[in-house]
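Read from first to last, the chains carry the letters A, B, C, D, E, F, G and H; within each, the first residue is number 1.
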C-alpha cells in the first residue's frame, strides 16, 4: 500500500503542472489542499466524479494542481458556476474552494444565496484575513484596527464571522477549523462533503506574507502556532462567556440541520411537472395585461 | 417573415418571447438560469414551467452575474444552456461572458432590448445594445450576435444560435427587442425531426490523450463535459492546449489567434443576411430586428411608387457580414440604415464602405418603433 | 464504500490486537527537496523536535529513531515534500511480507 | 383578401377592461384556427395602467411586414378617451364600434354603438365579460374570422371555469352585431365636406 | 397647526409629480411612505438635509414622490450610492428604501457589507415576498412551497430571514414591523434613523397583486389583517418555542448594539492622517518587489 | 512625453499609478472607492494613505459595482470622485457607468489595461479594452475616453479628465496599461496654482426654480449637490428637465439628444491629439498609450534612415478625433496603426478613412509591448 | 429638537389635564377622492366600522359622530387620501381661536 | 550626453536579491537628484518569483520615448542564470558587471567581477544589502549619476532604521569599483572574431 503522502502525490496531484506550486513558503493553502485530498480519498470518491471549482486568489490556484474535474472561474463567482454544474449533473460531487475575499467580498452574495438555496454543494473557505494575491489589502475578515496596504492607519470596519453568516443565511452544515488542526480539518471536510445540502467549512489560514508581516504576527510558524493557542472547540465555547471568547477561534461543527435540499427538490419537480404540465401551461398563459415595469 | 410550411395542425399564435422558448427547447436547451427583467421576463417564466416537463432545469439566480455563471457551469457539465435578459442585466454579465469566450463554452444569451442607457425606458423598444453585445466584455474576444425580427425568427434563429454555439464553442447572443418580444403572430413550427440540431463534438481519444484546447482543422477543440471521464482544467486565464495557465508569448499568441480564426473560418456558416427585392434594387435599406419589418413595408410601398428599392436584412450582426454588405454597397446608389439607436450598425456599414456608397442614417431614440412612412420618405427622396 | 482516513498516525492509530505492544515502531522521514521551500513548518511543528536545517536550509532529521510517526510534519507540509514510511528493521524485511 | 392586403383592427379602452385579452383571442382565432396571417401588438408602459389601453390585430393573406396598424379598418373604443385618442388613424371606409353607454361623442356617423357593458351586466350577469361581448361584435362585423375559430380561441385562452360565461358573452355580442343594418351607415368615416377637401 | 395628513401632503409630497402614485390600490408601499414621512417630521429633520435613495422595484418609486434630496439608483445598488453620499457629506441623514429583491437578491452583497461596515445609514426594506414590479417572480423571501410566476410547481428554495441576516452581518440596529402596525412602524423608523450606525428596519408588506393572488392570501385587506394575526412582539417571541413561532412575524427591536461607526471612524482617521502622513508615506513606498498576481 | 518645465525642486521619480494619484489630488479629487486589482491596485493603496491627509475619503468596497455606485453617490453629494480598476473590474461597473452617463454625474474611472479576455493575463500589458470603454454599457450614451502613455501624461491627463468630467457632467475614462502603470519616470510636477481646475457649475437660481436637467447653451445643466438646498430627484430612467421619469417621446428624444450633443459641442475642447514630426510626414504612425512611445522611437529611427515618418498620438480616443485624423489620412500615403489588440482603434480609423489612405494594422496580443523595431520595419517597407 | 409624533390619535393620546374627560371629541373624516384608488383598506381597518362605499366605490362615512379619531384609516391609506380633523361644535368655533 | 542619446542599465538577478530596489534607487538618483531624464521598468509576473528578476533604467538628456532597454550599456548580473538570459541585448561597447562568486561563466572579458554578496556579508555584516553594494559599483561605473544624488535617493527609499547599513553598502560598492582599471578591459563585449563577422 502506498503511504499517505505518496498516494496524494501520485494519484491526486497533476504532475504535468509545475511543482513546486506558486504559493509562498509556509502558506496554509498547501495544508488545506492536503487535507482536502485526504478527505476525498478516504471518502472513496471517484476522481472522475469530483469537481473542484475556485474563484480568483491565491486559494484560487488550487484546482490547477489536483487531478479532478477542475475549474478556475472568475473572482467571487465560483459558487454560481458550481450551481450550474451541480444542477446539470447532480451525480457529481461538487466542491468549491474560495478565499475570504473571493467568497465574502465580491462573492458575498453568491455565498449567502448558495447557503439559502441549499443545493448539495460543499464550500471550503480559506480565511486568511486578507487579499493575498493582490498584495494584502483589507478583506471583509480583516479585524478592526488591523493594518493592510489599504488601511495603514488601522482598519475602521468590522469583520464578518463567515461561519455565522453562512448559518444565518441557511447553510445546512457549517464547520470551522484551522490549518494547525490538519486532522480535524480533514474530518470537517469529510463531514461537509458527506452532508446532504449546502455545507461550509471555514478554515482559518495564514497569509504571513501579506497579513502577518504587516500586523506583527510573525511568519508562518508563529501564525500557525497562534491558531493553536487561540482555538477552542465548539463544545468548550458554548460554556464560555462572550468576553472569554474574544479573540478566540471556535472550531468544530457549528451548525448541522436537516431541511429540503434543492438539488433533490428539483428532481421531484421534474417528475411532478411531467404530470401537471398540461394543466398548468394553459393556466399560465398570460392574459396580456401588463403593468408598468422596469 | 420566413416562409413557413403552412399546416393547420401546428399553427399557433405565439409571442416573440414564447417562440424563443420554443426554439430553445427544440434546439435541446435543458438548462436556464436567469433573473427577471422587462421585457425578457416571459422567457424565464415560461421556461420555469416547460423545462421540468422535459427533464431540464430552471433556476432563478440572485442576479444576472450569477445566472451567467450557472449557465457556463451547466454547459461545462454537458448541458445546453441559456439565459435571457435586457440591457441592465446584460451590462452585468459582461465579465462572465468574457469567461465563456476564453474558456470556449457554448451557451446562448438573449438580450431583449429596451431603451437605455441605464434603467432608461424599461417598456419601450430600442436597438441601443448592438455595439455593447460585441464589445461589452473586456479584452479582444470573438462573439456571435444574431438579431430577430419576427416571431418565426425567434424560433428559427434561436435554434441557429444554439447550433452555432455548439459548433464553434462560443457564446452566441440573440438580440431581440421589445416589439418582437411582445408581438403575437401565427406561426407554424416544424416537426422536431425536421430541425437540424448540432451538438458539440466530444473527444474520442483515450482520456490521457485528451487536450481540451488543442487546435484542429476547424480550430474548435473537441469538448468533454465534467464527469465524462476526461478530467481536465478550465480557467479564465490564457491557457495552453491542456488548459493550464501560460505566460509563454508564443502560446498566448497561438491561443488568442485561434479563438478568433475559428470564427473567421466559419464566416460562410455564421454570417446570415436575407434580402427582399434586391435583384434590381438601386436604393436599399439595410435593417435588422423589428425595424426590418417597417423597412420591408416601406420598400414595398416604394416599389409601388416606382422606386427600385430593396431590403437587406441582417440576421447576423457580428461577425459583421462584410462581404455581403459590400456587394450591396457596390450595387446601390444609396443605402438607408434605419435604427432605433444613434447609428450603431451604420458605423459598421460605413467602416466597410469602400465603394463610397452614400449612406443615409435614420435614427430614432424616443422609444418608438420606426414607421414605414419615415423610411419611405427617404426612399422616395434620395 | 467509505474508507477510513488514509492518515494512520503512529501516535493515535489503534494498535491491532496482534501487535506486540512493547516493540516501538520505527519510521523513515523522506524529504522531497525539489518541492520544498524551506518554510520551516515541519521543524517547528514536530513534537519530537527532531527536524533541523541542513546547510542549504532544507529540513533534515537529526535522529530518525526518535520519530514517533505522528505524521504531523507530513500533513502540515504545504508543499507535499514529506513522506513518512514505517521502517522495518532488517529481520522483518527478511520474512518477505508486510 | 388579396395576399398583400391588410385588415387592421384596433381594440381600445381603459386598463382593466380586458382590451388586450380580446385582441389576443381575436388574433388566435384568426391565426391558429383560420388560415390567415396575423400579428397582434399592444401598448405597454405606465400608460396601460388605469389610463388608456390599446391592442392591435393585423390580418393578412401573406406574411405581415410592419406589425402595428397603419390605417385602421375597425376601431373598437370602450371609453370616450380611447375613442378620442385613437380615432385619427382610421381609414376613410373604416368602421368605428363603441360601447354606447361609455362613448357618447361619436366623431363619425359610420359607427356602430352597442351597450357591451350593459349586456354583459344584464344578460350574462358579469360586467367583467364586456370585452367578450365586444369581441363577438367585432368578430362578426370585421368579417375576417370564422366565428367557430373565434370561439375555440376563446375557450383555450380564458381561465378554467369561466369558459361558459365567456362564450355566452361572445355569442351575445355576435347576436347583437347581426342586428346592424350596414346600409344605413355612411360610406366614409369622414363627413361629406371632409371628403371633398 | 396642520393636521397629520395635511402636513404630509403639503410639505412632503411633490405635487408636480402625478398623483395618485403608480402603486396598485391597497399596496403597502404607500403606508410605509406615510410612516416614513411622519417619522422624519417628528424627528424635526430639515428636508434639505435628508436623502432618500432607492433601488429599482415598486418600492423604488418612493423617492419620486417625496420632497427630499432623492435618488432612484440601479437595481440592488442603492446602498452603494448611499455609502458614497454619506461619506461625502456625513452631515446628511441618508435613508435607503428597498424591496426584498432589491436588497437581498441582486443587492444582497451590498446589504451585508453595509451592515458589516456600520456606516451611519438607515435601510428600510419593504419585504413583500416577491418581485412586484416585474410580475411576481420568486424572491429570496418567497416562502418554501409558494407559487410565483417562476415557481408554478411550488418554490423549492428557502427564504432569508432579512432581519437576522442583517444582525449577523453586523448591523447596529435591527427592527421589524408590518404595514398593519403603522404606528409601531413609525416608531421603529424613528429609532432606526436616530441610531448611530447602520440600522435596518424590515417591514412586512403586501403585494396582493402578485404574491397574494397566486397564493390564495386574498387582497390587500386580507393580507394586511393576516400580518396582524401573525405578529408577535419580540418580547413575547423570546418566550415562545420554535414550533410556536412557526409562521409568526416577530416585530420590534431585534438588535441594538453599540460599536464604532465607520462614518465617524473615517473622521478620526482623517485627523490622524494629517499627523502621521509624513512618516507613513515614506514607509509605504513600495520597494517594487511584486508577486505574481491576478 | 510632455515638455515639462524643469525645476530641481519639484522633480521626482514617480510610477505611472502614483502620477495618476498625484493628478487626481491636484485636480481636486477627494473621494475614491475601489476594489483591488492588478495592475491598478497601487492607485487604491496610495490614495488610502493620501486622501485622509487632505481631508478626503478612501473606501475599499465589496466589489467594483459597489465602488462605482459609491463614486456616483459621492459626486452627487458634491465631491470629485474616482475609481480605478482593470478589465475584469471594468466589465462589472458597466451598469453603474451607464447610470453616470444618463444622470450626468461627473466622475473619473481609470482602467489600467492588462491582457484579456476574462482573467486573461493579469500581469501583462494590453490595449484590449478600448472598444469596451466606449460601448460596454447598454444603450446609446456619450462618454469620454483618454489614453496615457507616460508618467507625465498620467499626471496631466488625469487633471484633464477631471476637468472634462466636471465641465460636461460626464464620466471620463482614463485608459492606462500595465507598462505605463509600472514605469517610473522623473517628472516635474507644476505648482498647484499653475494648474487649471474646472469645477462643475452650480445653480444660482432660487431653489424653487432649479431644473436639474434643463438645457442651456452649453447643453450642460447646472448641477446642485445633495445638501445644497436644491432638493431634486436623480434617476436612471429617462427623465424630463426636472429629473422625473418621462414617457413622452418628445421629452425622451430631447433629453437623449442633448446628452449627446453636449459632447459634440465640446469636440474642440475634448479631442486631444499630439503630433511629432508630422509637418512633412508622408508615412505616419497613429498610436496611443505605451505603444505611442515605441512608435515615437520608430519614427525617429525612420527619419534617420531618410523616411519621412511622423507620429500622431491619440490622447482622446473617444469621442474619436475624426477631424484631426482625417487631416493626416489625407496628408499621408500610408498610416500604420500598431496596437496591443486585434485592431480596435484601426477600426475607427478605417471607418473615417474617406481619403482611401492605406492603413496598415500591426497587432500584438501576446502580452508584450510592441517594440520600435516592429514598427520601424513597417515604416521602412511600406 | 425632536418633536413628538405628529400623529395624535384620539384613542391613545394622553389627555391634557385641562381637557374635560367626559366630553366626547368629534372628528371629521375627509376623503380626497382624486387620489383614492378604492382599495377598501380604510373601511376594513376602521375599528368603528363606519366607513362604507359610495355608489362609485369611494369610501364614505356613515355616521361621522361615531368616529373616535383613532386615525387608523388615515395612517393606513396608501394613497394619502384621508384627513382626520377634530370637529369643534359651533360654540367652540365662535370663540375665535384654536 | 547628447540630448537624444540613451544610456541603458539592466539590473538582473533572482527574486529576493533586491534587484528592483537597486534599479529604483538608481533611477531616483538620476531622475530626481540629477538633471537627467530617466525611465525605470521591470518585469512582473510569475517569472519574477524565485526565478529571474530584471529591472531596467534608461537615462537620457531628453525625454525618453521607448521606456524599455533597446541596447544595454551596462548589465549587472547577480546570478549566472540572469547573466546567461540577459546578456544578449548588450551593446558591443557595453559593460558586464557581475557578482564574482555567483557568476563564474563570463560570456565576455569586457566585464567587471566583484564579490558583492561577500562584501555585504563580511564588510557590512548583512548579505541582504548586496544589492546596494552592487548599486554603488554600478553607479560609479556607469558614470551617469552623481554619487551624492545616488546616496540621497537611497536614503529616501530604504526602510527607516536601515539607512546607515545601506549607505555603508553603497560606499563599499563605490570603493570597490574605483579599484577597476578600465584600460585592461577589451573595447567590445564581443570576442575579436565575432566582431569580424
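Quick note on the criterion: a residue touches a chain if its C-beta (ideal position, glycine included) is under 8 Å from a C-beta of that chain, and two chains touch if they have at least 3 such contacts.
This one's a predicted model, so the numbers in the text were calculated from it and none came from an experiment.
Engineer: By that same contact rule, can you tell me which chains touch subunit B and subunit G alike?
Structural biologist: A chain counts here if it touches both subunit B and subunit G, which gives E.
Engineer: Please find the path from subunit E to subunit G through touching chains that uses the fewest steps, and give that number.
Structural biologist: Minimum number of steps from subunit E to subunit G: 1.
Engineer: Report, in whole Å, the distance between the mean C-alpha point of subunit A and the mean C-alpha point of subunit F.
Structural biologist: The computed centroid separation for subunit A versus subunit F comes out at 39 Å.
Engineer: Taking each chain's centre as its mean C-alpha position, how far apart are subunit A and subunit E in Å?
Structural biologist: Taking the mean C-alpha position of each chain, the two centres sit 29 Å apart.
Engineer: Using CA atom averages as chain centres, what separation in Å is found between subunit B and subunit F?
Structural biologist: Spacing between the chain centres: roughly 30 Å.
Engineer: Report the inter-centroid distance (CA atoms only) between subunit D and subunit H in whole Å.
Structural biologist: That pair's centroid distance is 88 Å.
Engineer: Would you pick out the residues of subunit E that each touch at least 2 other chains?
Structural biologist: Counting only residues that touch two or more other chains, subunit E contributes 22, 24, 56, 72, 74-75, 105-106, 108-109, 113, 134-135, 140, 152-153, 266, 269, 272-273, 280, 284, 290-294.
Engineer: Indicate the residues of subunit H shared as contacts by at least two other chains.
Structural biologist: Answer for subunit H, listing residues that touch two or more other chains: 24, 42, 44-46, 49.
Engineer: Multi-chain contacts only, two chains or more: what residues does subunit F have there?
Structural biologist: In subunit F, 38-39, 41, 45, 49, 52, 62-63, 65, 88, 95, 99, 118-119, 122-124, 182, 235-237, 247 touch at least two other chains.
Engineer: Under the touch definition given earlier, write down the residues of subunit F that touch subunit H in their complex.
Structural biologist: 1-3, 6, 8, 11-13, 39, 123-124, 150, 178-179, 182-186, 290, 293-294, 296-297, 300, 369, 371-372
Engineer: Using the touch definition up top, name the residues of subunit H that touch subunit F in the complex.
Structural biologist: Touch list, subunit H to subunit F: 4, 24, 27-28, 30-32, 35-42, 44-46, 63-68, 70, 153.
Engineer: Name, in rising order, each residue of subunit C that touches subunit A in their complex.
Structural biologist: Residues of subunit C touching subunit A: 1-9, 32, 34-41, 44-45, 71-72, 74-80, 82-85.
Engineer: Please give the residue numbers of subunit E that touch subunit G in the complex, ascending.
Structural biologist: 3-9, 13, 19-21, 23-31, 33-35, 38, 41-44, 179-180, 182-183, 186-187, 190, 194, 219-221, 224-225
Engineer: In their shared complex, at which residues does subunit F touch subunit B?
Structural biologist: Spelled out, the residues of subunit F in touch with subunit B are 65, 87-88, 90-92, 94-95, 98-99, 101-103, 113, 115-122, 124, 126, 128-129, 131-132, 134-141, 235-238, 247, 249-250, 252-253, 256-257, 260, 341-342, 344, 347, 350-351, 354, 356, 365-368.
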